[in-house]
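Note that the chains take the letters A, B, C and D in the order they are written out, and that residue 1 is the start of every chain.
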Amino acid sequence: MALNSPVFPIPTGSLLALGALLFCIGLFGALTRRNLIIVLVSIELMLNAANINLVTFSRLGVNPSLAGQVFSLFTITVAAAEIAVGLALLLAIFRLRKSSEVHDLNVHKW
Amino acid sequence: MPSAINWLQQPYWMTMGPLLVVVITAFLVMVLELIFRNGDRRWLTGISMLGTLIALGVALGHFSAQPNQALNTVVIDAFSSVFSVLILITVFLVLLFTLDYRGSNRLAAEHTYLLLFATAGALAMATSVDLVTLYVGLELLSISSYVLVAVRRKSVHSVEGGIKYMLMGALGSAVLLYGMSFIYGISGTTNLMELSAAAGTMFTTYPSITVLGFVLMLFGMGFKLSLVPFHMWTPDAYAGAPSAISSFLATLSKTAAFAMLLRLLLFIFNGVADKVFFWAGILAAITMVVGNFIALPQRNMKRLLAFSSVAQAGYILVPFALIGASTVQDWPSLFDSISFYLFAYTFMTVGAFAVVHIVSEQTHSLDSDALIGLFQRSPWLAVALSIFMLSMAGMPLTAGFLGKFYIFANTVQLHTPWLGIVLFATSVVSFFYYLGWLRKVFQREPEGDLVAVPISLPMNTLVTLCVVLTVVLGLVPATLLHPLLSAHWVY
Amino acid sequence: MGLAFWFTILPLIAALLILVLPKLSSGVYRTLALAGGILSLILVLVGWFAFDGAASSVQLAGRIPWFTLPGLWHGHNLAVGLSFGVDGLSLPLATMTAVIGVLSLLAVPRDRQRARENYFWLSLALTGLLGVFTSQDLFTFLVALELVLFAVFFLVYLYGDPGHKEAAVKFLIYRGFSTVAFMVALVGLAWAAAGGYATASANAGNAVFTFNIPALTATLHQAISQWLSPAAASALFLVLLLGVFIEEAFVPFHTWLPTTHEHADPSTNMLIGGVVTKTGAYVLLRFGVGMLPGEVRHWGVLLAVFGVINILYGAFAAWSSKDWRRLIAYSGISHMGLVLLGVAALNTAGLQGAMFMLISSGLLTALLFFLTGAMKDRTTTLTIRSLGGLSKSMPVLSGFLLVAALGSLGLPLTSGFISEIQAFIGGFATYPAISFVGALGVVLSAVYLLYAMERTTFGPTAEGFLKLADARPFEYVPAVVLTGLVLLVGIYPDVIGHLFGLSAQALLRIGG
Amino acid sequence: MVEYAWLAPLLPLVGYVFLLALGRRAPEGLVAGISVILTFLSFLVSLAVFTALGSHPDATGAYTFRWLTLGTHSIDVGFQVTHLNALMLLVVSAVSTLVFLFSVGYMHKDERFSVFYQYLNLFVFSMMALVISPNLFQLYIFWEMVGLCSYLLIGFWYFKPEAALAAKKSFIVTRLGDVGLFIGIILLFLSSGSFDYSTVFQAATSGHLGLPWISSAHLTTLAAILVFTGAVGKSAQFPLHIWLPDAMEGPTPVSALIHAATMVAAGVYLVARTYPLFEASGVALTVVAWIGGITALLGALIALTQRDIKRVIAYSTISQLGYMMMGLGVGAYAYGMFHLFTHAFFKALLFLAAGSVIHAVDTQDLFEMGGLGKKMRITQWTFLFGALALAGVFPWAGFWSKDSIINATLQSGHIVLFWFAEIAAFCTAFYIFRVYFLTFHGKPKDEAKYAHAHEGSWVMTVPLIILAIMAFIAGFFNTGLNNYGLEKYLMADSPTGLIGHVYPDNVALMIASVALALLGILVAALMYWKPVISAEKLAQSLGGIYRLSFRKFYLDEIYYRLIVWTGKLIASIVDFFDRYILDAIVWLLGRAGYMGGVGLKYTQTGQVQTYSVIALFGLMILVAIAMFHVGGVF
């Protein structure tokens, strides 16, 4: 949906594309990287992709509103909390396994 | 100061009652926990239980209340009341469960208020009608449960379970959020009521985006509900977490997720029902089949319960798939079947986890052989476990059978009998492993090397409660069905 | 409150008492279970006097509202009740169930390990079976079926010869599927009566969603005549038929029956062979003929052919079976084939013969299993080749065994004959050619039963068997009662004949 | 009197119940006393009924009450006394009374003495009830009951494996015929709407016996032949005769009563009872005649060479029953029944005499006996009477009845059958006197046995004497002397006063057959009394034929191969299919399910990223399908 507004030269499509790109990069990282930290970071990327979408829509959406930006603020906070917990857990497992590799999470199987 | 007075008299205090009570209790407990650092601090759990009970009272009060809403965000309707009540009952049972952890295997004290925060999140998911609050509630629930799973910091199992849950959960919520962003984008609002107004046009103008949004959100929910193929974290997390927490994950977080899913479906997607709900049906079928078959060769008790909970989630998803084929006047029966089965499922699952916990604590083994001769070691536990298992397998005169039957009747009346057939056929498969446990339970062992199973007071209470509720719901389903019947569902 | 309700529920009460009572001597549990069984038997017999034999309607009925399923069938509420009653078909079956139930309780050895569970599950199964025959509400009917399924599973699982656990699982899975089939078909029927599966042009004017069986029967006939689409009707019937085939152990879905019988405990076998294998045929009569007569007529040839296949297959398999219990199981299959033939004939004689055969086969199978069980106590084996000359050491038991065998090979003045000839009269009336083939079964049954008798009671007595004790006093009770009933039905069949006749005509009248 | 005919069967039933109550260990005297007295009473009743019916012939109504309702029809039970029935009643009760008396001596000191009498009483009851049953249904019931009694009594000495086998064989072989009867009466019921003889005959003769799938004429023939198969089984006609010789394993009084005089005659009775049906279809009658003729000849031929005294007499029974069937078949209804009447006496006599011999020397092998005449006068003379009667020597009973049958065969133009009958007659004379000479004349072959041989007590001799008298005079019941009373009596059953045909005596034929009989006796005498011709040499000279006769034309072997063997084959095939194909499939299915579970289980690799990838694939598929579903992207 190419929906151009006279004020902003940047077309919405490209912003959404940016979001999608970020999302995919994040997803790829989350699925492939060996190191837990990188995986967490990739997940951050995905959340931010969503944020970009929200902000875009709140300005250039079908019927723009502030809700999107508010939403993104919430998201950022939540993401921060998530990462905090993530790092805590990472430390815990590092203490126990002396490794932060995703592959070493293999106690539970079958 | 009059203005203050009528500010205090605003209806939304009442509307958000349960949520507020839980949150306040949570903070209170947190503070107290900081103050009293040492000694046996199970009285904190006591306080939390008290808070839960108060909240429960308030929530029950809502049944009689007329539907209304506060701040365009939180609503009271039969929907929210039923789910709030269920959530609060569940957390009460779980708290009771946690009382059994003391002495050497005491849980880190945080678990008490973490549970309460998670509950607050769950309540938000059940009661709010705004994407933002729904999302925040979901995250509150999830993040607390990540920590809860990993609550035993010194145990690899626990922490690894936590991390796996966390990674998958985060992934899920990210995708969910991405989907929400699209829905917001084409409607320009996050409020469900406005969304439901806009839904029709939304779909006609941007069908594919709507459906994309739906599928992405379904994916996110799918993780919480551990639907196949998003279920794979389930056994690991359940096996890793302490049994109390596993039961919490299996029941409370699923209830909340179902509530949220139902909310979203009804408000946003019911306009496009026939287009999207079919996929829910497919998911349900796959989930039932895979969940039951994968459980067949399981020996680890908690993993088996995890898979069984996967299968059960599949059963509960069936009515969701039916909404597509239904008209508004069919909804009450769908809601009833969903909520009835959720109640039944909660009681039998918590009970089963409790028994498994007791047995594994005594034998220090999670292998199902630990159950051998249980009937001699502790007849009461054996009978209780049999009742839970038979109820899950769908033996009549237990809650499980009626729940299944109700769902099945719905599939028949809404022209999707194949789902019902899959439901019962797969539950025949499930006989094999549920009754497989009972075979071990009733297996005869030489009297000599048998030690009676010690059972603490809270556990005894818990198991008794679950047994009673399971049987009562089976024998006198009216106790639950008729209140549901009287509730006016749609806001 | 109807009598039917009470005699159905009494064993359940006994079971619950057994469950809740503290640990006591097994005698107490035995007494409790027996009390429950005998009381319900007495009530059934009272029922015979209270029952108006001239009316084919449901009598002694009573209904307690149980609960309501909100909002089924477009916002209406589906009220489910504990509703029991008997008509001419179910009263004799209920009686047979009560009798065999009590006797199989008696047949439980007094020195049984874990007597408590045994009596508990047995009483539960008894309630279930009575419920199957007396339910007037689909939901209670299905509940009863499931109860039977689980209770019998545990009976087979807990007691029996080596291999009984596997047999139990086999039983459970097979019958589980048949129960599912019934659930699908029956709820489907209820739904069809409520206006479901309507053809495009039809209007389901006065459709109501009800689980009440008589009401359902009535509305279904409107449904069939007015709105139900033929395809749906056929589909429902075939699903029901599948259930019946598994439940009734018809070839080729029969393998669970010999396995179960071969390994289960005598008392359990009495119940399984006597009653549990009759529920399927009851479903076929009550819901197949009663609700979808058109379909029965339409698939009649198929039914008749399968009936004959069962008769012959069962007979030949019995001929070649090495173990008495397998033999009895297969002869049961053969008998049930005759039931299928009778139902397929869809005339009074055929249906009446089928009903008689249910009773007859039930009594005879129970008797045979009791006697072989009693023999096994002494000889420790039931392998036909290893027996012989038992008439010398246990003339009484051998005598009863002979009567039972003659009964099940259809000798006149036993219940077997009267069932056989009626079923064949019905069969020949409708499907002469098929029935001609089926009549071969009359010879074959003589062949395999007399072969087994010759090897068991006749001939020189083996050394080990010379000192064996004959029937003990308490063993006379089941033997005499069952033999007496077999002879009673054989010598004066009208005791149940007039009831069956009315029910058969009622079913056919419905069929139109 | 006729309306009290039900007393006749009732009395033995009372006896049965009474003995059952008394138990297995009841004293012999009591048991025997009750039984003999009750049967004698029922004999008196029968006699009264017989005479009463003679005086006013129209009192042959049926007394019935409803037994079971079948839709619109109802099945009745009750009793009906026609002249035929009355005659049968008389024969049955008379012979059984004598046999009961005889058994007192014969079964003396047998540990199951009481049981023996129980069975006998039950048999007599069933037989009489069969005879007076008013419809085919009740007839079938008691038809099976007498079969049961025969089964029980053949297997009375259950510990003898041969006895057990013989009992089983007799039941199953007769059952083969009974199935025919079973189907036959069902077809008659369906087509005529009733089991009652009268209704059925009505429909048959008026041609209203049709069914949708078959015309009346054909159905009549079919039903008649099916009914006849029942008779073939019961009366041991070819090809189902093989059970009767083996049945000799039972106690000899049983052979006399059941397997000579009464039960085996039931087949003949059945054909006679349903005669209108057969008459309505010519084909059926011809079949009856030929089967009868073949049987008569076959039985006689086999009897020539048997070594076992009872078997010889058994085969002679088969052959005589053949005569009766042939008689009915050629339309000589009255003569057939007449022969049944006489045969009952002299054949019972022969068996009892043989029994008394066996009792004395306890062997059944002819070639271990000899010279017993000196020690057992009465037995010898009575046996001689029986033999003469059987051989058909003037003026003994057999002569009159058999000759009238042969005569009828000739007159009715069945030439082939006539020659069969004559050859059979010659053989009959030969084989029975072979037995007579081997047993009572010549030198004792086995001294030991000869030593303790002795005449039985009065209970055994009295019946012999009475029967001997009957064997002599029974023939005169249907001669010019009493103006053919018997046949007139029997004919009274039909309104027209004629069933089948009767023929004037043919003196030339009489002389011829007597000569034939005497020739047979002479040959026997020359071979076994005054050995002029050596039996061995003769046997060797016609070896093939001799062996054929001695091995009973190998019919047993053929049947075994043909029927039993195939049956067992099928059975084992079914068994195999059941175990190793059906059950295997089921097992495999279960296994497959479990294995599927195992397979799924191993998808849980424990690698969280694998989990995510799988989940993502799920998402991809969902998105793809959903997009396709709503039609294209954007």
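Keep in mind that, in the parts below, contacts are C-beta pairs under 8 Å (C-beta built on N, C-alpha and C of every residue); 3 or more make two chains touch, one makes a residue touch a chain.
A quick note: this is a predicted structure, and the numbers were derived from the prediction, not measured.
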Chain occupying the most central position, where position means C-alpha average: C
Report which interface contains more C-beta contacts, comparing C-D against B-C. C-D
Centroid of chain C to centroid of chain D, CA atoms only: how many Å? 38
When the centre of a chain is set as the mean of its C-alpha atoms, what distance in Å lies between chain B and chain C? 42
Which integer distance in Å separates the CA centroid of chain B from that of chain D? 79
Interchain centroid distance [CA atoms averaged], chain A/chain C, Å: 64
Where in chain C do residues touch at least two different other chains? 173
So chain A residues touching two or more other chains come to 1, 27, 30, 105, 107-109
For chain D, jot down the residues that touch at least 2 other chains. 601, 604, 606, 608, 612, 634
Complete list of chain pairs which touch one another: A-B, A-D, B-C, B-D, C-D
Residue ranges of chain B touching chain A (in the complex, touch as defined): 131-132, 135-136, 139, 143, 146-147, 150, 153-157, 159-164, 166-167, 170-171, 173-175, 177-178, 180-182, 184-191, 206, 235-236, 239-240
Residue ranges of chain D touching chain A (in the complex, touch as defined): 601-602, 604-609, 612-613, 616, 634
Quick check: in the complex, which residue numbers of chain D touch chain B? 593-594, 596-598, 600-601, 603-604, 606, 608, 610-612, 614-615, 617-619, 622-623, 625-627, 629-634
Which positions of chain D touch chain C when the two form their complex? 24, 66-72, 140-142, 144-145, 148, 155, 158-159, 161, 163-165, 167-168, 171-172, 175-176, 178-179, 182-183, 186-187, 189-190, 211, 213, 567-568, 570-572, 574-575, 578, 582-583, 586, 590
Give every residue of chain B touching chain D within the complex, in rising order. 163-164, 167-168, 171, 175, 207-209, 211-212, 214-216, 218-219, 222-223, 228-230, 232-233, 235-236, 275-276, 279, 290, 293-298, 429
